[in-house]
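These notes open a run of structures that come right after.
Consider the two complexes below, in which chain A is the common component and chain B and chain C are the respective partners.
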Partner chain A sequence: MIRRLIEGSLILFSWAAGLLLTLAFLTLVGFLLQKGGTSLGVNLIFGDTAPLDALLLRQQVFDGLFPAIIGTLLLIAGSMLIAIPLGIAAGIYMAEYCRGRVKTFFSLLFDILAGVPSIIVGLAGLSLTIFLHRSFSAQISTSLLISCLSLALLVLPYLIRTTQTALESIDPLIRMTAPALGASRLQNIIRVLLPNSISEIGSGIILATGRCAEDTAVIMLTGAVASAGLPRSIFSQYEALPFYIYYISSQYSGPDELRRGFGAAILLILLCAGLLLTALWMQRRLKTILLYR
Partner chain B sequence: MVSSTKIRTQDLCFYYHRQQVLHDISLDFPAHQITAISGPSGSGKSTFLMILNRLWEEIEGCSISGNVAMELDGELQDITSRALSARILRRKVGMVFQQPNPLPMSIFKNIAFPLRLASITDKNQVRHAVENALRQVQLWDEVKERLNDDGRLLSGGQQQRLCLARALILRPEVLLLDEPTSSLDPEASAAIEELLLSLKSQCTLIMVSHYQDQIQRIADLRFEIREGRFISSRSDCDGGNARRQT
Partner chain C sequence: MDRPHSFTEYIFLTAAVCSGLLTAAVFLFLLIFSLPLLQNGELTDLLLSSWAPDKGMYGIYPMLMASLTLACLSLVISFPLSLGCSFVISALAPARLRRFLLSMVRLMTGIPTVVYSFAALFLLVPFMRNILGHGSGMSILTAAPVLALLIAPTMIIFFVGSFEKVPLSATLAVDALGGNPIQKLLYVMIPQAWPGIINGVLLGFGRAMGDTMISLMLAGNSVSAFNSLSQSARSLTAHIALVMAFDFDSMEFKSIFVCGLLLYIFTAILMLLLRMSTLCLSGKR
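Right after this comes the complex of A and B.
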């Protein structure tokens, strides 16, 4: 009797937890839409500039979020370009080659790195910039590149850990299959182990991408500014959606600007949702290509 | 048929971390025969098989001592020697596991996988070899229409025959079988047993098996291992020549 009561309440609790989470998300989206929904439109993104001119880079956008969107996308692309190869390589090393005390040491190191608050990573990026500025060239300042490097460092532990865990959790039977057929270690990793862990590694990449898209602490110290237009190169400063939201929330001048801030928040969520869907699609395609082609 | 010795182990010991798993195993395995290794679970039978293709090297914390000589390409070679690469050895010593282990890829790619690993890419050659291997395990007629289907969609018995075909495609001299029928129903088991008998002309088979009746049916020679020690051998034909050293 008591057992059934406990079981029943456990199921109820699980349902309630699921419901709560869904409600929280819907409330959040509803709130954003209510506050910033009216600002959504071509004008929010492109301001007074004709969209086509802006997209073809013929004209700068000054009063729209276009530069911030592009800045965020560049930021994600840049940091993932650095973090994905490094993270996967390090994950492979940890799972397949690293043994004994060295492994314990590196594991501890990556766990510590994973626990470092993003503001500290931002400070590290800033210190690096100051160091470069003093010792090499006075022209070096905070920039898109520094932000990408710092963000890559921030998400690296996720990627290493997910790759490592994915490889280590492969069924021993599958792990032994290729070596028993005459595969070298590298052949086994490339032809069997990695394709079999694509889903898990993909999930790690998705998490890391989200982190890069939303992080504000790192970029506000390493190169994001309120108004810069499109970045001219990876060495220049840039605008980004999360920084814009943070900036507006702390110093908006009127209800209209606040509405635009909420609009930016909706755009950021849409951007993340878009990236997530693309990543999921790619994850599935990649698995098919790697294993069945 | 009087057969020569294919594999000879001498004072073979195996250690997992500090624990000794096999103790002083000295056995001769005759060529072109089926030698069965039996014994209770956990007695080291599978470990013994993994020594013969050096698969143990893939597991952390393992070490061996003693000698294992195998006649490969017509000459006796020390297979524990570093001079012989494990990859080359494993192409000559095929292995089939207890659970069928098709890789998550198409039937065709599964069978062709060892060729790909050995950098044999000529399409005609590969197609030919795949067909031959599938015919050899009598799977060709069942799967020829759906070679591009996922190998894991086959039935258990078909999967095991697929694994057998995959192990045979490089024409190994020795075939190791770790309880190859234990996950199959009697009918599928019978098909596999039939196949193993037909393979004797091509290679030397060493099979771990739990089933006394299976051993009686197909094995020429039987060794028993208990708690990592060789206990007894029973020969069902004249070719067996087990010896025991003290």
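Right after this comes the complex of A and C.
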């Protein structure tokens, strides 16, 4: 009798928990859409400037999100350019060459790096800047390059782990075939193992891209500012979407700016959700596409 | 370890060693910058005194307590919710709803934290201001539910994953004996999957301790020690984010590296714990 009661109340509680979580999530997102939905449009991105002029860099955009969007895209491109080769190479080493104690030690290190809060990564970037500033040149300050380096460090353990698990989960039959036919270890990796795990590695890369796009704590310590326009070089400060949202939340001066903040939040959600869905889709589809090409 | 055989292996080895060194480098940077404070003031002093730069006190006790309180409170809210939700996903719901819920949870992991806090700032903060009746509405109580929402997907995905690993022979046996889904869950799956549940909780706690934007935007950032949950407080991570305004040589600035060091060591211990509980799991089977 008591057992029946416990079981029944557990069922009830579980459904309530699921419902509450769904409702909380939908309320937050719905609230954003309702507040910011009206601001979506060309005007949100380019302000009063003609879109073509802005895109061709003929005119600065002052009252739109254009510089922040470009800043975020540059951040993503820069950090992934650094992180992908390093992460995949280290992942290959972990899966294919590393054995025994060394492997345990390395994977513990990467786990720690993966768990370190992003603000600590930002702090490390900031201290690197101070270090360079003191020992080399007084002109060095926080910049796009430092942010890219820090963000690359943030997603590095993630890329290593995805590559490693993707390679390790390959069917032993496939793994053995090429060496049995006389292929070298490297040939096996490049011709057989990597193409076989491309969909997992690819979706890992896309998820890491999403992480770069959303992270605020790292860039607020390493060079994102509220109004910089388009960055002139990788050594200058820049604007970015997540930092813009944070800045607006505390410093907005009127309903117009606030609406732009909501618009930026929606754009960032769309970007991150889009990347996430692409990654999920890729896991399922890419393999079949590559197989039946 | 056998010696590297080829040139390409050296390249891969270098990449792995570089990545490992970067982990160590982060720690070293934090340590070097916080050394001045660790040397002249005792560590316990720093950890247990309050923050009053005008009196020469750079203690981070209030921030430490705020971080721990926030993380614990959000875990208390989030753990039952996530457990219930993972029950629904792995046992109770029909297949279609199961897929929908799982994709929603996956989508939740991709929502930027800054967006969560931005929405909560204009939705939850005015609400809390009305309920509390005083202050700005930014308090530990405001930040904790949002933080709970942030760590829920991490835990749910972990829980569901560990339920899925329960051997099919065990769950099929329950079905054969005429057990219903909730009995299967309660008497077979949970006893088998508890190490996974513990891992999920540890990871969720780590995420809650490490998150910056939610506590920075919603908890109010007051440096004084708090007496009740409805008061404003500043977490370690928010403290690091806010100190930027100071001059680089000041003691205030150096003290944030102690905060950083503390969080780093916390993460390392957490990961060791995770590693140990995973080993327990594989040793038992």
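A few points about this structure:
Note that the second predicted complex is superposed on the first by the 242 of 293 C-alpha atoms of A that agree within 3 Å, B and C clash if a C-alpha of one lies under 4 Å from a C-alpha of the other, contacts with A are read in each partner's own complex, and residues count from 1 in each chain.
Here is the rule we go by: contacts are C-beta pairs under 8 Å (C-beta built on N, C-alpha and C of every residue); 3 or more make two chains touch, one makes a residue touch a chain.
Quick caveat, the model's predicted, so the values are computed rather than measured.
In the overlay built on the shared chain, the residue A:L55 is in contact with neither chain B nor chain C.
Once the two complexes are laid over each other on the shared chain, residue contacts for A:R99 go to chain B and to chain C alike.
Contacts of A:I82 after superposition: neither chain B nor chain C is touched. By the touch criterion defined above, A:R191 reaches chain B but does not reach chain C. More chain A residues lie in contact with C than with the other chain of the pair chain B and chain C.
In the superposed model, A:I170 makes contact with neither chain B nor chain C. Of the two partner chains, neither chain B nor chain C is touched by A:I234. Judged by the touch definition given at the top, the superposed model places A:A178 against chain B, while chain C stays out of reach. On chain A, the patch touched by chain B and the patch touched by chain C overlap at residues 99. Chain A contributes residues 6-7, 10-11, 13-18, 20-22, 24-25, 27-29, 31-32, 35, 85-87, 89-90, 92-94, 96-102, 106, 108-113, 115-121, 123-124, 127-128, 130-131, 153, 156-157, 160, 185-186, 210, 213-217, 220-221, 242, 245-246, 248-250, 261-262, 265, 268-269, 272-273, 275-277, 280 to its touches with chain C in the complex.
Per the touch definition, chain A reaches chain B in the complex via residues 99, 173-184, 187, 191-192, 195-196, 291-292. Of all residues in chain C, only 1-2, 4-6, 8-9, 11-16, 18-20, 22-26, 29-30, 32-33, 80-85, 87-89, 92-93, 101, 103-104, 106-123, 145, 149, 152, 180, 182-183, 185-186, 206, 209-213, 217, 237, 240-241, 244, 248, 256-257, 260, 263-264, 267-268, 270-272, 274-275 touch chain A in the complex they form. Across the interface of their complex, chain A is touched by residues 53, 55, 58, 60, 86-88, 90-91, 94-95, 97, 99, 101, 103-106, 109, 113-114, 116-118, 150, 166-167, 170 of chain B.
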